[in-house]
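What follows is a group of structures, each given as structure tokens.
Shared between the two complexes below is subunit A, which has subunit B as its partner in the first and subunit C in the second.
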Partner chain A sequence: MSITLDQVTKQYQGNPVVNDVSLAVAEGEFFVLLGPSGSGKSTLLRAIAGLTAADHGRITLFGRDVTQVSAREREVGFVFQNYALFRHMTVGENIEFALRVRRVKPAERARRRKELLDLIGLPGMDDRLPTQLSGGQQQRVAVARALAHKPKVLLLDEPFGALDAKIREELRRTIRSVQRELGITTILVTHDQEEAFALGDRLGVMNLGRLLETGRPTELYTRPATRFVATFLGAANLLLRREARSGSDLAPARAEGETDSPLRDRRDQEVVAMLRPEEAELAPDRDALLTAFLGYGHVEELQFTGALERLRIRMGTEGAARSSDSRSNEGETSAMPPVWIDVTRTQPEQRAFPLALGQRVAVGTRRIHVLPTPLSSFTACAESRDSAAILMGNPWLVDLTIRMQTRLSAQVEPLVADDGADPVVAPAGVAVVTAGPDCPARVRRLLARGVTPVLCLPEDAAPPSRVIVHFAGQVARRSTLAVTASLLRHVPAEAVFLGILPSDSSERTRTAGLRQLLDVRSEAQAGHGLDVRTELRLGERIEELLRELEAQPGQMLILGLPEPGSLPESFEALLTQSPGWPVLLA
Partner chain B sequence: MNGFREPSVLPGFGLTLGFATFFLSAIVLLPLAALVLKTASMSWADFVDVVSSPRALASYRLSFGASLVAALINTVFGFIVAWTLVRYDFPGRKILDAMIDMPFALPTAVSGIALTAVFAQNGWIGQYLEPYGIKVAYTWLGVTVALTLIGLPFVVRSVQPSLLEVQRDLEDAAETLGATPLYIFRRIIFPTVLPALASGFTLAFARGIGEYGSVIFIAGNLPMKTEITPLLIVIKLEEFDYNGAAALGFVLLAMSFVMLLSINLVQAWARRGVVTARR
Partner chain C sequence: MVGITASSAAEISARPGRRTLTSVVIRWTFIGLSLGFLAAVLLAPLAAVFTTALGEGVAAYFRSFADADTGAAIRLTLFTAAIVVPLNTIFGICAAWAIAKFEFRGKTFLMTLIDLPFAVSPIVSGLVYVLLFGAQGWFGSWLLEHNIEVIFALPGIILATLFVTFPYVARELIPLMEQLGNDEEEAAMTLGASGLITFLRVTLPKIRWGLIYGVILCNARAMGEFGAVSVVSGHIRGLTTTMPLHIEILYNEYAFVGAFAVASLLTLLAVITLIVKSLMEWQASRASGN
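Moving on, here comes the complex of A and B:
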């Protein structure tokens, strides 16, 4: 590996801008870091170059730990968005700068300068001043300058940002060919997914300081693991899909992704599915569809954009597949509110079935990808409409659902379960209840009906800046990690996994405990692409958790229950404290 | 280079040029011409006699020498002050920034008296310098101190905008290319700021030559020793020797003009790399 990042963290005024990022880039690889502005991608790049010091973590370049090494000694080439050429020097002097600093002989310098100018396609421009060049030419010079001292790593910070579309394309090609020719390990930072697809051997998508996913462009486009990546790498319809009790064999044949859960057989499973606009099929009615039927809708928007036609279909409630239906092996899929589906169609598709505004169409899905997230939607459960409404108005919860692009609904649930049949269907997705004295009863009632995860939310809960993760017993390990990974991708907070051993445990148990922590870390890394820090505590479980949570405000707890479906009495203390903290039970 | 004239915000090139010429003539050229004419009414021998008298020569030395030293001091320390103001954020930065302009606003006589009080043998600073045999007030050192005070804002205000312009990216770029901080300063920051620094120096220097009010209080005005040329001119005027005053004024004017012109030329040469703002 030529570039290795290990839990790199950078904070500005207490806010993590880069949050526990671990990454390995292979030698000669062109890696693209993609993310919206403010996602921490440029800060991460600057940390690799040594221009910004990391607060935590380790950076290794070709096996050499450079975390404490200054930028000047890291031997990297860096290209800035605004070129950063020295304007009082000629193009030649700019390119020679790094060589002059290293006291390379003039003859060698001239040779290298010529070589580089040829490489970037600006031969004979030595004596021009940067101000006499166009933006694209200046950026070429900046690339040549960054390569002069033969760095092992080339870092490009939005190099095309200041250029117009045509020049951008040209420069993109130059950079790609230069990179291939030199075989130099390269990281490019951009917010433009098209650019990322065109250039990257591999992509990494960042948001809120976290590196969410890495993978080859096609992989990430067709099989994203997170909602953010699904929607950031191109248009995507996110759908909530209810799958019937008996499990994965009922999922549609084309659905991909693993969604099993130990509780699958106890209630309807809700999952998040992604439908790319180009994977939707439109037909006059469901029998004319060649693919799995999703529902009927009306054409609400129609846009001709040249090669493609863009449509927005407003889905109706009628005709959605029901479990009683003969063809409903696919289970029930319903779109999240607002119930629109974006569709793009090619010219041949348009000719085969011309559409007008307002027309009724049947929507089919060629390919649906199920996101492996246990947090599908949120349902506020309370004893009355009013308290459910209060719960639903919690700013953090609202913010979270917006970030997750998911549904937040309310459901009235009596506090004490009637004996016998429940009057209402068990809520799908995450059930949200108010923390407080009645909380354990509420939680027990939901758990008994197979509802997980459950989020206990104090009325005045603020967005957490630190998330404590703990599971009591190996049964909960998997679901806890899945819930943690899913939540942390939408919360700008640092996460600590807490392992707790009894204080009288032997040396051997302690070693085993430490090893287990490492396992947890690598499992989170491998299974969810999530990096968590780990800490080991000695003491009584609940006491230690309480101590940690009471130590500072603005924390929340993700807790894996020892047995699915039941809440031990000793855990009640964690849910009834005041002022409390959000607890997500997995 | 442009094939056609671009419309500008203010109308009428002819009108603005005419106004500029008139304004310069009335305010600057006419009085100077009068000075030259007055000088021309003297005979050559008288002129030479006045301007090359030992007392006059000594005053030139002091005026130009002290101005030069003061301007150099200001160039160094003004740069540091500007750097501090631009690069660091600290409590009281705004106040410090505002204080830089104080010498502009203060009546020069007031600053002269204040400096004298501070640097006199029994003054706040003077009393501590006295045991070391350093006398500031009533020596050429005092003249230099006064001129430094007067000239500082010129340097700071000239350098500040150009320091703001040195992008952090440039320093970052140089650092990733392997340059040491000193090298970055020498090769990147200094060349970028040099033109502004030169013009700050020029302004401070020019102001120093013409300064009168603040100097006369601290200089002690001993003929041949601490007498500046402007003071000598005033003395001539008080003796109703208008011709003599005009002759000295002419010399001051001619020397200043030559020096300012040469500094401007050097500056233009240094600026050759930087393309001027587009009109």
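Moving on, here comes the complex of A and C:
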């Protein structure tokens, strides 16, 4: 591996800008870091170059730990968005700068200069001043300058940002061919997904300081694991799909054998599905569809954009789809909110079935990808409509559902179930309850019906800046890790796996405990690409957890249940404290 | 018919770029007014200085520099400037670097402090040093014991001049450095340049015109400072009189040619300052690509 990042973290004024990023870039690879502005991608790149010091973590370049090494000794080439050419030096002097600093002989410098100018396609421009060149030419010179001292790593920070579309494409081609020719390991930072697809051997998508996913462009486009990557890489319709005992109500049922656990069988399973606009099929009637039927809808918007036609279909209630981005204040039994589906069609498709505004169409799905996230939607469960409304108004919860582009609904049910058959359907997705004295009862009732995860939210809960993950049982269950990974992708907070052993435990137990914790960490990393720190404490579990949570405000706890649907009684003390903290039981 | 003609004439005169009689008159009135004002306030005194200085012929003009006290005043002024200007240049670059490149607490306070000499009357700046180092001042008795003269001697003059002129370089560089940003320095670092090389090869060339102008302004003020120096110098002829003080003495003694001859040197300094400034602006506009 030529570039290795290990839990790199950078904070500005207490906020993590880069949050526990671990990444390995292979030799000669063109890696593209993609993310919206403010996602921390540029900061990460500057940390690799040594222009910004990392607060935590390790950066290794070709096996050499450079975390404490200054920028001038890291031997990387860096290209800035606004070129940063030395304005008082000619093109030739700019390119020779790194060689001159290294006291390379003039003849060798001149040879290298000519070589580089040929490489970037600006031969004979040696004596121009940067101001006499166009933006594209200046950026070419900047690339040549960064390559002069033959660095092993080339870092490009939004190099096309200030250029217009045509020059951008030309320069993109130049950079790609230069990179291939030299075989130099390259990281490019951009917010443009088209650029990322065109250049990258591999992409990494960042948001809120976290590296969400890495993979080949086609992999990430067709099989994203997270909502953010699904919607950031091209357009996507996110749908909530219900899989009831009787089968799925969105598409043909998944194998029913999957719902094998008796607890799971007692409620509908809900998953988040992604439908790309180009994977939707439109037909006049259900029978005319060649693909799986989704529902009927009406054409609400129709745009001609050249090669493609963009449509927005308003789905009717007769269809079975629920859009995950619409939020309803009504209970589960009320009418479904309107759902829109974005569709793009090619010219042949348009000719085969011309459409007009308002027309009724049947929508089919060629390919649906189910996101492996256990956090599908949120349901506020309370004994009265008022307390449900208070819960739903919690700014952090609202913020979280907007970030997750999912639905937040309410369900009113009594605190204690009437014995026998429970008349109220168990909520799908994450159940949210108010923390406090009654919280354990609420949680027990939900867990008994197979509802996980459950989020206990104090009324005045603030957005957490630190997430503590603790496993109540002996082992870390896979579903807990999945919930943790999914939540952390949407929360700008640092996270820590906290292991607690009895204070009288032997040296061997301690070593074993630590190893177990590290195993959990590597499993989270392997399975979810999530990197979390680990800490081991000695003491009584509940006491230690309480001490940790009370130590500073703005923390939340993810509590891994020992087995589905069971919360050991001793842990109930964590749900009743006031002022409290959010606890996610998973 | 008449109404139509009038309105179309008004319409034509309202169009930009069209030369009508009114616009020409207005234009020349304004140009004339501003030139006249300039002549009365700036050029006339300038001319008066040189005509008076040369009033008794070129020979008399040069003879006035042969006077021993005048020579001493010129030498003292040059000596003071030679110490004050480099010191304030170094200080100015440091302060500008700190303010433009780093975020730290008390940054605004530091900016205010740098501006202080602009806000304080020069007389007060001089008096402060008398208060500190004068015979009755805070450190006066200690200085007397150790036989160190500050007030009514060269150190006092240098201190007062230093205080009055310290904002000039920093004030000139701060906006320039903030505008130019830090990218080139960062680029130089990734290319392997050390801090010193980065400063000498990248930062200094980048800010050189602003720096030169700041230094020239600082120098002009250092040579021309009257108020603060007047308080601390004690006006000892041939020993502690700088050029401005010497001009006052000569003038009070009705030695007009002598006074104005020395004054003409300071005036020339002002003219050179102006020329350098225009040169700098011309360079700046050329560097930005036009």
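In the analysis below, the second predicted complex is superposed on the first by the 542 of 586 C-alpha atoms of A that agree within 3 Å, B and C clash if a C-alpha of one lies under 4 Å from a C-alpha of the other, contacts with A are read in each partner's own complex, and residues count from 1 in each chain.
Methods note: a contact is a pair of C-beta atoms (placed from the backbone, for glycine too) under 8 Å apart; a residue touches a chain by one contact, two chains touch by 3 or more.
Just so we're clear, the structure is a prediction, and the values are computed from it rather than from any experiment.
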Should the pairing of subunit B and subunit C on subunit A count as a clash or a fit in the superposition?
clash
So in the superposed three-chain picture, is A:Phe293 touching just subunit B, just subunit C, both, or none of them (first/second/both/neither)?
neither
Does subunit B (first) or subunit C (second) touch A:Arg102, or do both, or does neither?
both
Contact-wise, after the overlay, does A:Arg72 reach subunit B, subunit C, both or neither (first, second, both, neither)?
both
Could you say whether A:Phe378 touches subunit B, subunit C, both of them, or neither, answering first, second, both or neither?
neither
Which superposed partner A:Leu51 touches (first subunit B, second subunit C, both, neither)
both
In the superposed arrangement, which partner chain does A:Asn82 touch: subunit B (first), subunit C (second), both, or neither?
both
Looking at the overlay, does A:His149 come into contact with subunit B only (first), subunit C only (second), both, or neither?
both
Where subunit B and subunit C land on the same part of subunit A: residues 49-51, 70-78, 80, 82, 84, 86-89, 97-98, 101-102, 131-132, 142, 145-146, 148-149
Note which residues of subunit A are touching subunit B in the complex, please.
46, 49-51, 70-78, 80, 82, 84, 86-89, 97-98, 101-102, 129, 131-132, 142, 145-146, 148-149
So, in the complex, the side of subunit B touching subunit A is made of residues 167, 169-170, 172-180, 183, 187-188, 191-192, 273-275
Residue positions on subunit C within touch of subunit A in the complex are 183-184, 186-194, 197, 201-202, 205-206, 287-289
Please give the residue numbers of subunit A that touch subunit C in the complex, ascending.
49-51, 70-78, 80, 82, 84-89, 97-98, 101-102, 131-132, 142, 145-146, 148-149
